[in-house]
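The same subunit A turns up in both complexes below, where it pairs with subunit B and then with subunit C.
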Partner chain A sequence: MKKLFNTKTQDGKMFIALGAITVILLVCCVAPIGIYNKHIIIQTMFYAYMATAWNLMCGYTGRLSLGHSAYIAVAAYTSLILFRSFDLTPWIGMLLGGVVAMALMLVIAFPCFRFGLKGPYFTLSSIAVMEITRYLLTSMRELTGGSLGMSLPYQKDNLLMFQFDDKEPYLIIILIFWLAAIFLLWKMERTRYYLEAIREDDDAAAALGISVNKNLIKAALLSAFLVALGGTFYVQYYRYVDPATICGSTMALNLALITIIGGSGTILGPTIGAVLVIPVTEILRSNLGDKLSGLHLFIYGILLIVMIIYMPKGIISIPGIIKRKRMAKLANPAGGEHNG
Partner chain B sequence: MIGLQILASGILLGGIYALISVGLNLIFGVIKVVNMAHGDFLMLGMYAAYFLFTGLAISPYVSAIIIFPVFMVIGYVVFRLVVKPLLGKAETETNTILATSGLQFVLQNLVLMLFTADYRAIQLEGGATSFNIGGVMLSANRTWAFLICLILAVALYYILMHTRLGAQVRAVSQDRDASVLMGINVDRIYALTFCVGVAMVGLAGAIILPVFSAYPTVGTFFSTSSFVVVVLGGLGSFTGALLGGLIIGIVETAAGVFASTELAQVFSLLVFLIVLFVRPQGLLGKGARV
Partner chain C sequence: MAETILQVKNISKSFGGLKATNNVSFDLQKNEILSIIGPNGAGKSTLFNLITNFYRIDEGDILYKGKSIVGLMPDQICKLGITRTFQVAKPFSGLTIFDNILVGCLSKSATVAEARGKVDEILRLVKLDKKADEMGGRLTTLERKRLELGKALATNPDVLMLDEVMTGLKPHEMEEMMEFIMELKKRMTIVVVEHVMKVINTISDRIIVLDHGTKIAEGVPQEVMNNPQVIEAYLGRSAKNA
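Moving on to the complex of A and B:
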C-alpha cells in the first residue's frame, strides 16, 4: 500500500492519476453540468477506452491495424441481434460478441503473424478484413437491416438489459471499462516489454527467447476483445448502428489518431489523446455540423499529419523532451544547438 | 456467349482499374511508401474534370491533358509537406501510412465542405452507346478509358525502359543507397515519381468521370481496389499491375453476374488476402517478403 501512494514510483504515479480521473468523473456524475456535457464526457471516455484497446495491439507491437472497426462492428451486431431475436441480455451478448471478434481476429492474425506480414502489408490486410466485414453486414439485409442499419428496441431503465434513461449509468459503466483496460495493461508489465522488444526488432526478440507469434496473437486477441466490449457499449448508448459508421475507416482512423496524439505505446497516452481531441471536435461538430459538416474530420486530418511529422511520440513525450533540453543546457551552458 | 461478354466487360473494367492503380504502384515501387490518399486524388481529378465540363464545356478526355500538369504541382506540394519530412526517419512505413490517411481525411472533407456530398455525373454525347463486336457489347466510355490506359501504359513503359530518366528511376527503386553513390539525385527522383504518380491518378479521374459519378468518398472504394490490383500483380511491378487489373476486372464482372456486386467486392478482397498470405510479393513481383 505504501508503494502505491509514493509519488516517486511508476506504480504510485499511475495509481494517483487513475484515482484523480475517477474522482473527477464521479464528481461530474453528480454535478449539475447538463446532459450535453455529460454526453461529451461519456464520448471522451468511450474513445479513451477504445484507443487504449487499439494501442494495446498497434501501439505496443507496431503492427498498424486500420481495420479495427471490423471487431467493433461484429460485436455490436452480435449483441444487438441476440437481444432483438432472443431477448438475450447485452451483458452476455457483449461477451459472446467479444468471442466472435476474437475468432475473426484469430482468422486474420494467425496467418498474418505466421507468414510474417509486417508494415504496409499488415495494414492493408487489416483494411481488407474491415471492408469484407462491411460488405457482408450490408449484404445480409434480413439479419442486419443492410445499409439502413438497425436500432435498439427501447426498454425502460433496466440494468439487466443495459439500458438507462439517464446519462450517469453509462458514464459509470464506461469508466469501469476504462479502468479495467488500464489496470490490465498496467499489470501486463512483462508482456508489454516483450511486445516493445518485438516492435523494435522481432528477430532480436526471438533470439532472446521471446515467443514472437504467441505474444503478438495474445495482444491482438486481447485488443479485439476489448474493442468488442466497446462495440456493445456503442449500441446500447446510441441505440442505433449502421455498417458505414461502425465498420468504416473513420472509426478505425479515429482510434489511431487519438492514440498517436496522446502517445502510442504508453499506458495513458490514448486517454490523454481522447481528452484533448474528443471534446473539441464534438463541440465543433455540434456547433458547425449543419453548416460545415466534415470540418471536424478535416481538422483531424491536419492534426494527424502535423503530429506524425513533428511529434510522432505524442503529447506524452513533451516532458521528456523538455527534460532532455534542460539536461543538454546544463551539460553545455554555452549553447545547446551543438548537441544536435 | 455470356462467357465472352463477361471476359470483354471484365477486361474493360480491368483496364480502368489498371489505369487507376498505376500511380500507386509507381510511388510504392520507387519510394516504398503506401499512399493511402491515392483514391482521393482520383476523386479530386473527377471533380476537376466535372467542373471543367459543366463550367467550360471541356470534354473529360481533353481536360485530362490539363489536369495532368496541374496534378503534378499538387503532387509536388503534397510530397514536400507530407511525405518528404517522414522519409529516412524511424518507422517511415507506418508513419507515411498514417500521414497519408490524415491527408485522406483532409481531402475528402475539404471537398465535402466546398461541394456538398451530392453525386455528380456527366452525360457525354454518344457516351451511352455501345460497340457491337460479333454480339459482344462494349460500352463506348469504358472502351475509351481502356484505350487511354493502354496508350499511357505503353508510354510509361517506354519512359521507364528506354530513357536515361527511366533508368535512374529503376535504379533508385532497386537500390536507393547504391543510386546515391552512382551520382543520382534521389530526392529529385522521389519528388518526380510522386508528382507523376499523383498526376496519373488525377488524369484517371478525368477519364473515368463519364463512367462513374463523383462524390467526396468515391476515392475510398477505388483506393481499396487499387491496393487489391497492385498487391495482386506485385507491389512495384509494372506489368504485374496491368495483369492484376485484368484479373480483378474479370473476377468482379463474373461475380457480379453470378452473385451480386457486393459479393463481387468480397470475393476480390478474399483473393487479395490469400495473395498477401501466400505470395506477398504478388504474382509477378520479385522482391523479398517485407
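Moving on to the complex of A and C:
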C-alpha cells in the first residue's frame, strides 16, 4: 500500500491520478454545475472508457481497428432487444452483449491473426466488419427497427433496469466502468509487455517465448467485451440507437483519434485524450455549430495533423520529452548536435 | 560420450521448386559449440528457422532431449529451452533497452517483479547497462547485436542459436564477442551460423558444412577445412582444377 502513495513510482503516480479524477468527478456530481456540463463530463468519461478499451487492443498491439463500432453496436442492440422483448435487465443484457461482441470479434480476429494480417490489411478488414454489421442492423428491420433506430422504453428511476432520471447515477456508473478498465489494464502488466513486444516485432516476440496469437486474441476479446459494456451504457444513457450513429465510422474514428492524441499504448493516454478532445469538441459544436457548421471537424483535423507530426506518441509523452531534453542539455552543455 | 541434447533427423524443406534443406541430419552434444557454415544461400538460416519452427519442415524429425519438437510453435520451443537470434537484429524499437531484456526474462519468471530483478545482470553481461533507458531503435550495430544476444540470454536457454552475430563487427569487437561466447559455453550449448572463418576455427568444437541445402561435411575444424568438397563449395570447381 505504501508503494501506491509514492509519487516516484509509476504505480504511485497512477494511483494518485486515478484518485484525483475520482474525487473531481464525485465533486462534480454534487456541485451545482448544470445538466449540460454534467452531460459533457459523462460523455468525456464515456469516451475515456471506450478509448481505454480500444487502446488495450489497438494501441498495445499496433493492430489498428477502425471498426470497433461493430462490437459496440451488436452489444447495444443485444441488451436493448433483450430488454424490450423479455424485460431482461440491461445489467445482464450487457454481459450477454459482451459475449456476442466477443463472438463477432473472434470471427474476424482468429483468421486475421492466424494468417498474420497486419497494418492496412487488418485495418481494412476491421472496417469491413463494421460495414457488414451496419448493413445487417439496417436490413433486419423487424428485429432492429432498421435505419429508423430503436428507442428504450422509459421506466422511471430504476437501478435494476439501469434507468435514471438524473445525470448523476450515469456519471458514477461510467466512472466505475472507467476505473475498472484502468485497473484491469494496470494489473495486466505481463500481458502489456507481451503485447508491446508483439507490436514491435512479432517474430522476435515469438523467439522469446511469447505466444503471439494467444496474446493477440486475448487482447482483442477483452477489448471487444469492454467496448460492448460501453455499448449498453450508450443505449441506457441516450435511450435511443440507430445503426448509422452507433455502428458508423465516426464512433470508431473517435476512439482511434482520442487514443492517438492522448498517447496510444499507455494506460492513461486515452483518458488524457478524451479529457482534451471531448469538451473542446462539445464547446466548439455548441458555439460554432449554427454559424459555421463543420468547423469543429476542421479544427479537430488540424489538431490531429499537428499531433501526429510533432508528438506521435501523444500528449502523455510531453513530460518524457522535456526530461530527455533537459538531460541532453546537462550531458552536453555546449548544446552541439552530434550525429548518431 | 557426451550427452546428445538435440537430434536433427533427415529434415527437408522446399520453397516451391527450390529444395532449401535436403535431408539434413546432425546431433548436438551438450555444452559444445557447433558451427554451421556454407556459401551464401546454402540454407543455414533456413535450418535455424526449421529447428525453431518459424518454417515448418516437410519431412524428418527433430528431437530435443529425446522428444520430438516438430509442430510446436516458436514460443513453445523457446519455453522448452531453445532460443535463437536473428541474422538481422530485431530490437523492440519502441521499448527501452531495459524493457527489451525484461520481455525476454518474462518467459521464465513467475512474476514481472522477478523478471525485473534479472534484467540488470544481463544488461551488465552484454555491456548495455549504461544504456538501459535508451530506446531499442537508437543503437549502433554492435549494440544491436549485443541486445539481440541479451534478449536471447534473458530467456535462460539450454540451447542458444546465434545467427551471424559477428557480421558487421570490427576485429576487436569480434575478439570480445568470441571470448563472450566461449564463456557462455560453460553454461549452455551453442549453435552458430557464421561467415567469418577465423571465428569459426577458434570457437567451434565441430562444424557442419551446408551447400545447396545439403550437408556436405561434418567434423572438427581442421578436418573440415581441408575437405576437398568444402573447398569446392566455397571456391568453385574451376579453382580445384586450375
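The rule we apply is simple: the second predicted complex is superposed on the first by the 334 of 340 C-alpha atoms of A that agree within 3 Å, B and C clash if a C-alpha of one lies under 4 Å from a C-alpha of the other, contacts with A are read in each partner's own complex, and residues count from 1 in each chain.
We take it that contacts are C-beta pairs under 8 Å (C-beta built on N, C-alpha and C of every residue); 3 or more make two chains touch, one makes a residue touch a chain.
Computed from a predicted model, the values in this text were never measured in an experiment.
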May I ask you to decide whether A:I210 touches subunit B, subunit C, both, or neither, giving the answer as first, second, both or neither?
second
Thinking of the overlay built on chain A, is A:I315 touched by subunit B (first), by subunit C (second), by both, or by neither?
neither
Check the residue A:T138 against both partner chains and state whether it touches subunit B (first), subunit C (second), both, or neither.
first
Report for A:A328: first if it touches subunit B alone, second if subunit C alone, otherwise both or neither.
neither
If you stack the two complexes on chain A, which partner ends up touching A:L26: first (subunit B), second (subunit C), both, or neither?
neither
Check whether A:F115 is in contact with subunit B, with subunit C, with both or with neither, and answer first, second, both or neither.
first
Residue contacts with subunit A in the superposition, subunit B compared against subunit C:
B
Tell me the contact category for A:M14 with respect to subunit B and subunit C: first, second, both or neither.
neither
Tell me the contact category for A:L284 with respect to subunit B and subunit C: first, second, both or neither.
neither
Complex contact set, residues of subunit B against subunit A
28, 34, 81-82, 85-86, 90-91, 93-95, 97-99, 101-110, 112-113, 117, 216, 220, 224, 227-228, 231, 260, 262-263, 265-266, 269-270, 272-273, 276-278, 280, 289-290
Using the touch definition up top, name the residues of subunit A that touch subunit C in the complex.
189-190, 193-194, 196-197, 199-201, 203-212, 265, 340
Contacts from subunit C onto subunit A in the complex sit at residues 52, 54, 73-76, 78-79, 83-86, 90-95, 99, 102-104, 106-108, 111-112, 136, 138, 151-152, 154-155
Taking the touch rule as given, give the residues of subunit A at its contact with subunit B in the complex, in rising order.
62, 64, 66, 108, 111-112, 115-121, 123-125, 127-129, 131-132, 135-136, 138-139, 249-250, 253, 256-257, 260, 292-295, 297-298, 300-305, 308-309, 312
